[in-house]
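Take a look at these structures.
In the two assemblies presented below, chain A is common to both, partnered first by chain B and then by chain C.
Right after this comes the complex of A and B.
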């Protein structure tokens, strides 16, 4: 992956956390992610508690979070992840794009990506995420 | 098939089916949200292969008063029936919500049957069509019918090939208006077997890998 660092072009890979209670959904995200950013490291969690533990222990850069999960939903988790690391780009991924869900995603500073996830949508989100992470450096 | 003659789906196939149902019901919730202009909350879907008696019991544990169901058959690669079920006490509130809440009570009561059928039609079509698209097949939907009862009436509707149903269950609610309900689907045994094949094709398309064979089956 190409990233601009202080005017120089450098190779940069990131750690991405994928959170979904569905194993199929996690595998589907992995397929798209492998096509878009095959060099990146992927961690998976099946609920909000696991995700928070991983985010703390694995120094996650970016998170993709399902909305409709048992226990705390993806919007709550997105807020918790952003509180833990305010500069972490987070996307809520769901087929449920009701206005209220989109608004809450914006309120917690998360992007919204439609399920099923497409390469184009993920690519756009990750390009934006990389720019934000580069500014953080 | 297991020893009782029930078609069995692996844990991973059920997971994939639940995710498909999630897509379908999300689309249905968006359509309902447009009609009632309030957020529609969805539960995490539960998908089980159960007998008709078990389906009645599952519903009875959650709802012990009169219920109303809008139901439609679907025919094609799979044959079955989709049902939108909610407490009878909610039905006038649902009609009020979809008609804008400005009609007098007597008009709402007169419109009730028609409005329930139309609302059910929009929700069930959105749900079934989304699932069909993801499975890359087509279904022909019948016209909606409205049925009142306690539960057994809904699960004894055709198709009746064998005493087993695919019970897809998801709870939806419009909290601001105290409306809640369930979406369920009934399928006969040949359709559950056909569904298994379609699911495995879907899994391969979505993940790029075949369904792991070591999974436990339920």
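Right after this comes the complex of A and C.
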């Protein structure tokens, strides 16, 4: 359900999943997220398996996934999440912005965000994500 | 320190350990793609973490390493021993920075030195292996094995005493060395060696030529020496961790006990009610008795549970050893294989943290004095690489750690000689001792032989320091050895460290400890308040008459009370419900001690609960009051 206030979309609160094997990196994302969308609920996972369990059990709406993880990397997980829930906006986060990574992200339908994550970049991604989710309602 | 820096410190340390493990594994198996990938990711994540806390110097350095490892990962660059050494140097720098942050609570200032360090990683290293050469990595230098042997042989040849044919020897040695260098693609070093050779010929300096050849082995270490290698001592001084990882189950156990305590508390509240409302006294007594028993049991369980949270796997100490052994072996020119077993054995945090230094000292000794050089071992028919085995396991209330090596063993005849020379023991006692007992003389203070005081084996610390460190932890250490076969050092440590609190006091000129749980209070009693009751004495404390007992007399000293003093220092203790006033010379202070139960000769001594070593090395006897006052 969407309520419009002065033409602004998005007074919905969403559930966002943050996946990164580094606790410090998750803390950094949390900080940026709190600045951009303090009302939203945040779930964390430190690897692909945990992330899938979280996504299913908590019905998360949006996912931020670190690319560089042991085991299955962020791009593989992004593909799995999109398969689980094709309408879930997913962003792959990485310090490594080689063409290869960007291309693979596009292929699985995931956005790409640079590390370290800035408020601006996250804000843009979340605004876009909300629009897409709103359209699905 | 803000939470980001705290999280950064913890994570960075873990990543450094992970990267170290990967690099060590890669030295043994350079083709292990899994390890290359893991090392790359560790450095990449470390770089990211540095960025998060805005430690730009560190991020820059790690970025340089990440770039090189990235090229290794994609096969564009080979992995070499020199590269691994440089990566280790980088990790050492990171650890130095982490120690700074831990101590000062903030990031160090950027002094621009990182630029130089990072540059060491940039570009193609001059010592790149020629494509097609077998990646056989030795511990020191970057030569393939056959080349190393050849160069070593030249050194041996030059060492020959024969005067005749010296010039010819020089020339043929030089030819071989130059050929080896050129075959390995080291044209720069070849040119330099040729210059040195010509100078040595002119001066007839065979020592100089030998040095020049030896310098070739260390040439690669020169480029790496832009980093400060961590000294062996600094490895031992890792700051004691302020956080612990604890199994959720152990925390749940504690939470459960806390819940049970609530039940007991409520029962006591009920008892208080009963007492206030004049309930039947035997009902009250029965209730109190049963709840006291429950509380007693709970407190014991709680103590155990809390102590169990303090235990750490020995891995925390052991994980530094592979790197340590590698560095020491390299420095001393020995070849050493390390085997570790039982690193998941647990012990109390205090024990684990304080064990590092003694264990490291023993390992040093094993590599320095125990394990022989490859040549010596070959002559004795042993395999060239020495083995050090560290094995840990739990045995009842104790944790046993054994460090053994297959080196030269201990020469008991020499120990007897030194002990006699230094008059550590009377000659007939020495005569009567078995070889095994003689071996353990190394733990006696004053034993350290001059040979041990190398820069490496410490500033003359010796095994007696190891012995007292272990004793302070409430443990024991012993040593066994077979000449020519090897040495084995056995540590036995308490699994959990029972820290008790005592109140100290002086009596009969000696300091004693009294368990704090027995002590009610300390008072100064004026002589006027002392009342004689028949043969005994007492004083009044808040409506209670408390018998006075002379502690000096009880512990077997001279009667010290009453002695015509204006005041007496009295420790009021409770024993089985009875209050007693112990008259002492001086009252001391409260202390936390690790109580060591009595064993050996004094095991049966009545009245003593245990002993503990105090800071100045003296032994404090802790009294068992009920026994003492019987």
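Please note the rule applied: the second predicted complex is superposed on the first by the 127 of 137 C-alpha atoms of A that agree within 3 Å, B and C clash if a C-alpha of one lies under 4 Å from a C-alpha of the other, contacts with A are read in each partner's own complex, and residues count from 1 in each chain.
We take it that contacts are C-beta pairs under 8 Å (C-beta built on N, C-alpha and C of every residue); 3 or more make two chains touch, one makes a residue touch a chain.
Quick caveat: nothing in here was measured; it's all calculated off a predicted structure.
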**Asked** Just from the overlay, do chain B and chain C fit on chain A, or is there a clash?
**Response** clash
**Message:** I'd like to know which partner A:99 touches here: chain B for first, chain C for second, both or neither.
**Reply:** first
**Asked** Given the touch rule stated above, what does A:21 touch, chain B (first), chain C (second), both, or neither?
**Response** both
**Asked** Between chain B (first) and chain C (second), which, if any, makes contact with A:30: first, second, both or neither?
**Response** first
**Prompt:** Given the touch rule stated above, what does A:127 touch, chain B (first), chain C (second), both, or neither?
**Reply:** neither
**Request:** Tell me which of chain B and chain C touches more residues of chain A.
**Result:** B
**Asked** Touch check for A:53: first (chain B), second (chain C), both, or neither?
**Response** neither
**Message:** In the overlay, one of 203-211, 221-229 or 401-409 from chain C clashes with chain B and the rest don't. Which one?
**Reply:** 221-229
**Message:** After overlaying the two complexes on chain A, where does the chain B footprint on chain A coincide with the chain C footprint?
**Reply:** 21-25, 27-28, 68, 70, 95-96, 115-116
**Message:** For a test of understanding, state which residues of chain A touch chain C in their complex under the given definition.
**Reply:** 21-25, 27-28, 68, 70, 95-96, 115-116
**Complete:** Given the complex, residues on chain C that touch chain A span 3-4, 7-8, 11, 38, 41, 44-45, 47-49, 51-53
**Request:** Please give the residue numbers of chain A that touch chain B in the complex, ascending.
**Result:** 21-25, 27-28, 30-31, 68-70, 94-101, 115-116
**Prompt:** Along chain B, where are the residues that touch chain A in the complex?
**Reply:** 12, 15-16, 18-19, 22-23, 26-27, 29-30, 33, 39-40, 42, 44, 130, 134, 203, 206-209
